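Which chain is which? They are A, B, C, D and E, in the order written, and residues in each are numbered from 1.
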């Protein structure tokens, strides 16, 4: 049944939700911090973007595996 | 059914979401810390990247197993 | 169906995400601590790496079982 | 289908991730404590290792069951 | 299919991860407490071991059921 690969691809992208939670938690503290120290905006922004990029990688792994399952396998 | 391996690969990468949550939590405190002690930026950045790399390893285990399932097995 | 072993291997590595969450939580407090007591950097780094190594073992159990399923069983 | 045992083994080790979360939480507070009372380092380290060993036992139960399923059953 | 019992055993031990999280949370506060009142070390240690033993019982239930499924059933 070639349709089974769609189940594999669907499962592969579930974990991306974890990165969504993580980036949300990071943003929540960044918003809090910027309200307290508005002058530190550039440093906070830089750190948030680095951290979010690191967390995002884990979602991209899921995306890569899902695409490999759908179009390469 | 060779399509079953795609389900295995899909399951293998779900756990990567855990690293996404972890890196997000680490970033949230790093952002808070940098707003309070902007002069400690380099130490905070260094520690965040080390911690994120350690957490990332667990996502990479999932990626390795998924790729092994798809292309070696 | 020999493809079923890949489902077992995929399941085995899901738990590694727990170590990813744990290491992230540990890093979050290490970052906070280093911003408050920058002079304690070496002690904080040492303890974080010991704790992360202990948490990492649980992910490695999953990796070992996944590899045993794929290549020994 | 003898391959079904690998699914059992894969499920058995998922719970090990819980110990990974727990050890990470324990490490997070140990790091915080060592930054506040650096002179208590040996006591903190001792307690962290005892607590981590206790949490680790739950991951080892999963490992034992997974190995029993793979190689004894 | 006698192999189906291994899936039951694998499911039975997943919950042990909950005890792993709990023991980690207990250890985290014990470490914090010992840093604040180092002279209370023996009392804190005693309480942590009792609490961890109580939490551990829930993991042992999973272990007992998994072993019963594998070797008695």
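The rule we apply is simple: a contact is a pair of C-beta atoms (placed from the backbone, for glycine too) under 8 Å apart; a residue touches a chain by one contact, two chains touch by 3 or more.
Please read these numbers as outputs of a predicted model, since none were measured by experiment.
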| query | Counting only C-alpha atoms to place each centre, which chain is farthest from subunit E? | reply | A
| query | Turning subunit B onto subunit C with a C-alpha fit: angle in degrees, nearest 5? | reply | 30
| said: Distance between subunit A and subunit E based on Cα centroids, please, to the nearest Å. | reply: 31
| said: Please tell me the distance, in whole Å, between the geometric centres of subunit C and subunit E computed from their C-alpha atoms. | reply: 18
| What is the distance, in whole Å, between the centres of subunit A and subunit D, each centre taken as the mean of its C-alpha atoms? | 26
| said: Two-or-more-chain contact residues of subunit C, please, as numbers and ranges. | reply: 1, 3-5, 7-12, 14-26, 28-30, 32, 34, 36, 44, 48, 52, 56, 58-59, 62, 66
| field | Parts of subunit A lying in touch with subunit B, wherever the complex brings them together | value | 1-5, 7-12, 14-26, 28-30, 32-34, 36-37, 40, 43-44, 47-48, 50-52, 54-59, 61-62, 64-66, 68-69, 72-73
| query | In the complex of these two chains, what residues of subunit A are touching subunit C? | reply | 15, 18, 22, 58
| Residue ranges of subunit C touching subunit A (in the complex, touch as defined) | 17, 20, 24
